[in-house]
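So, here's a batch of structures to check.
There are two complexes below, and they share subunit A, which is joined by subunit B in the first and by subunit C in the second.
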Partner chain A sequence: MEIRKSATAGTLESSDVLVTVAPGSGPGVEFKVESIVIKQFGKRIRSVTEEVIAATGIKNAAIHVQDRGALECTLRARLETAIARAAESA
Partner chain B sequence: MSSSVLEAREERWAKKIALARDLAADSSGRPSSLAVLTLRMPAFLRISGRFSPNALSMHASFVALLRKRGIGILREEFRTSGDGPESYISVSLDPLELKRLAIEWETTHPLGDLADLDVMDASSKPITRSDLGFPPRKCLICENEAAVCSAGQRHEAAIIEARINQILLASEKTDRAVDSAIGRLALTATLYEATAAPKPGLVDPLSPGAHGDMDYLTFLASAAALGPWFSEFAKLGRLHKGQPRDLLPALREAGKFAERDMFAATGGVNTHKGLIFSMGLLCAAAGRLQAAGRSPDPAACVSEAAAIVRGISERDFALLEPRAAAAAVSIGSRAAAAGAPAVQGAARGLGAATGNPEAVADNPAAASAHTPTVGERLYLAYGVRGIRGEAEDGFPAVIDHALPRLKAGLAAGLSWNDAMIDSLFVLFTTVDDTNVLGRAGREGLNFLRAGAGRVLMLGGMTTPDGRGAIQAMDKLLVERNISPGGCADLLALTVFLELLATAGDAAAGGASATAGTSAAGGATAAGGATAAGGATAPSSA
Partner chain C sequence: MSGEAFGWEERGLAGRAELSARSALLRSRGLTEPGDEDLILGLFDGERLVATGALVGPVLEGIAVAEGVEGEGAAVAIVSSLIKQAVGRGMKQLFLFTTSLEAGRFEAMGFSLLASTGSKGVALLEWGMDGIERWLEGLKARTFGKPDGAAAVVVNCNPFTLGHRALIEYAASQAPWLYIFVVEEDRSLFPFKVRIELVRRGTADLRNVTVIEGGSYIISSATFPTYFIRPTAAKGGASEQAVELHAALDLALFRLHIAPALRITDRFVGTEPYCATTLIYNKMMKELLQDRDGDGPVLRVHEMPRLEKNGEPVSASRVRALIRGGDLDATKELVPRTTWEWLRSREAAPILEKIRNSDSRH
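Our next item is the complex of A and B:
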């Protein structure tokens, strides 16, 4: 899957997460995670993000995860949607 | 998480940003911000529909708080999306101030724990609790941060649901306490009025006035029967969601049952039929104000009451016109037989509008089968609208005459008893009392007015001459079979509005302390000061 444009999924509401996916500058995927529960769930959020990136097979992307305490299933769905939207032709 | 919930949240988010953009586009230069209220509970409960009525009342309550603080509301919308109920409120207020009010509401409203009030500024930036130095919200179940527990699903759904039910129950208890507080003040006012003495022609502790079938104890029994009903009227008002006038049928229905209990308590004597209508109406009005988060000041109460009964005399009396002649004859014959059961039964009914469901029927056949109430007969004979008109007009006799007089008397240091009696005489001079008209005609009414005017000129309860004139008047009214029961009812309403306004936030908050204190204090005064003047107050409790 190729990232063609910048796209978002989710919201900055409580128990949700806003994921922004944009074309990256390098060959790999870089991602940045912010969370109001980073202390408790930072590791888990990163590993879920890496998992989804691997599963979709994207390269050359910059991903920004702004978490407001989303459930893991919500995070997964938001990541997948944001990536799918960013991969649509512009 | 179902995809429809996730999509609905994105739609809400987009709508918020669009509304924030609208705020930014407004070039007035005034600060503005947006609040969005959603249910704070797991999605499966949020979308269950079970809590939509609660969400609507939370929305109304927050809007009422903003209005109370004088904040301009630019736009409000309540809707239900795939993520449950949500409401949008755009205001002319600095976003940090709006967030501060949102936190205040979340902390103080009985259902505040079940709401998320998000605030956004005109540049779509969410304002958080930490922007104001507040700690994160706590979990509904434990002492941890809510976000940690919900993100980690630390508590079972069944436990969260049970906790939410518990919060709802506690809130209903608070609401019921408010109904009771309103009802208790109405009952207190009814007892004050019954106890106030001397009331010429009327039942009081010293004399049954122009009545052979009831005395002071009959009134106490009647009041006791009505106490729970006053709370019920307050509850009906509080729970009513639609237009004010759509509340009237439910009030009339409850009124019929209240009448039944009154007759059972008095052995079939009509002590308070008119009061059930008017006091019930004011209790419902107070309940509505409570639900809207507004303070129950007298002006607000009477205007709310007027909105509930708007058009009532036109509707009720329109059905009577074809039978006017026949009914006028029947009034004449009944008036001549003063003392007969039919008239005595109407003793205190200032044209009771309760208990006559036929009167609101639209078809003439039903209307012709209806026996007119006192108020209806008096309308036919004299064209006076009685208590219906008084209520429709927002109780002008109470607001413009009796209440100012009561307040002035109390402020001048009169006892409750004496202030009430003076206030009653002001009512005598201004009201077309249908009870007097029914028993003694226009002539009786003129006689009452002239006497009352003389009493007030002599200083009423504040001077020996005034008190002497009141005593003399009692005898004359009894002789002429004049009993101004309509005015007595209006006095009870006057006292209720005063007690309600002074109990104020205590009643609104469901606390009983203030109401209780003023009740006890007033009872002493009412029981103590009589026409004899200087009689020592019997202890009230």
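Our next item is the complex of A and C:
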């Protein structure tokens, strides 16, 4: 999959997560994670994000994860949806 | 998607009835319509408008939630939708003005505070992956090894004149290093690329200056929108208040983030003979950057009298007025050789033509 444009999935509402995916400025996938529970779950959020990125096979993207206490299944769904939207041709 | 869970419907506002419901909602919250909106969203409970928010360029404005539905997630729903729409339009970085009291609510939504004017004042926040920290890292890398105690000037240079040159030459003689920030916003008659190129050419002989693009954080349409719109109301009117508010945030941001990152201790500025907005900005600069109680390092502000030629201050607006009046030759004694040569170049012709046909202040 190739990231062609910017797209989001999710919201900033409590128990949700807003994922923003944009074409990257260099090779590789760069991501930034913010969370209201970064101390407890920061590592897990990062590893889930890396896992989804690897599974989709994208190579060049900037991904912003703003977590508001989402469940892991929500995070996965938001990541997959945002990446799929960003990979659609405009 | 709590919009659906709560039975709220989100849509872009259109038509007289919806827009007047929005005006009433904003008024009931003590807000006015921002104007120039690119998009106005509403959240409806049946036929009742419960929340609204708008996008004006990269700035989220006019956000209000109806009385009785606060705390139910309407604000965060409307902000999430505005972000989604803005990202869909290719924006990477968003800004939001609010009161200092409300700033915490938006920080909890993932916005970061850029500057505030005290606990009873206003605050400017940003959203996005590439925030000010990243911009400052880039600046630090570019200015690595430059001396402490540097000076700074912020200039638009529309175009670069002998007045700018005199200010820069003086500031560079007084400090170990001088950073020249050029306002990047492309709202001026001379495009940014031309303005910064003429600053570079006109200061190439000075060994202790660095010319820097102003980006989003130095007098941009995000941080200082009223700099680019002609104030309409008379002195003391609402527009003067708005200018003061934006100027205060711009200066707070400079003092809190930019000055410490580049180890700037002094700011130089020319006296302002013509422009009311710049006059307010200069006045507030002396107050806010030198205030012992403000956040960030205390800076020294030096206001230099404008260079005069034939009893009149040399300014870019005078140069533009001469061009507009068809007297290009008269600008020769107001600008450095580098600017003069450019004005006579083929590249300048369409811009000179645009100036002759314009009545823009900038």
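What we mean here is this: the second predicted complex is superposed on the first by the 90 of 90 C-alpha atoms of A that agree within 3 Å, B and C clash if a C-alpha of one lies under 4 Å from a C-alpha of the other, contacts with A are read in each partner's own complex, and residues count from 1 in each chain.
FYI, a residue touches a chain if its C-beta (ideal position, glycine included) is under 8 Å from a C-beta of that chain, and two chains touch if they have at least 3 such contacts.
This is a predicted model, so every value here is computed, not measured.
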Original post:
Fit or clash for subunit B plus subunit C once both are placed on subunit A?
Top reply: clash
**OP:** Considering only touches as defined above, state whether A:Ala62 meets subunit B (first), subunit C (second), both or neither.
**Re:** second
Original post:
Which partner does A:Thr20 contact after superposing on A: first (subunit B), second (subunit C), both, neither?
Top reply: second
Original post:
For A:Thr11, is the partner it touches subunit B (first), subunit C (second), both, or none of the two (neither)?
Top reply: both
Original post:
Between subunit B (first) and subunit C (second), which, if any, makes contact with A:Glu34: first, second, both or neither?
Top reply: second
**OP:** Could you point to the stretch of subunit C, among 45-53, 225-233 or 279-287, that collides with subunit B in the superposition?
**Re:** 45-53
Original post:
Shared contact residues on subunit A for subunit B and subunit C?
Top reply: 10-14, 16, 36, 68
**OP:** State the interface residues of subunit C toward subunit A in the complex, per the touch definition above.
**Re:** 1-2, 73, 76-77, 79-81, 83-84, 87-88, 90-92, 108-110, 128-129
Original post:
Which residues of subunit A touch subunit C in their complex?
Top reply: 5-8, 10-14, 16, 18, 20, 22, 32, 34, 36, 62, 64, 66, 68
Original post:
In their shared complex, at which residues does subunit A touch subunit B?
Top reply: 9-16, 36-37, 40-41, 67-71, 73-74, 77-78, 81
**OP:** Enumerate the contact residues on subunit B facing subunit A in the complex.
**Re:** 1, 3, 6, 9-10, 12-13, 38, 40, 116, 118, 126, 136, 145-148, 150-153
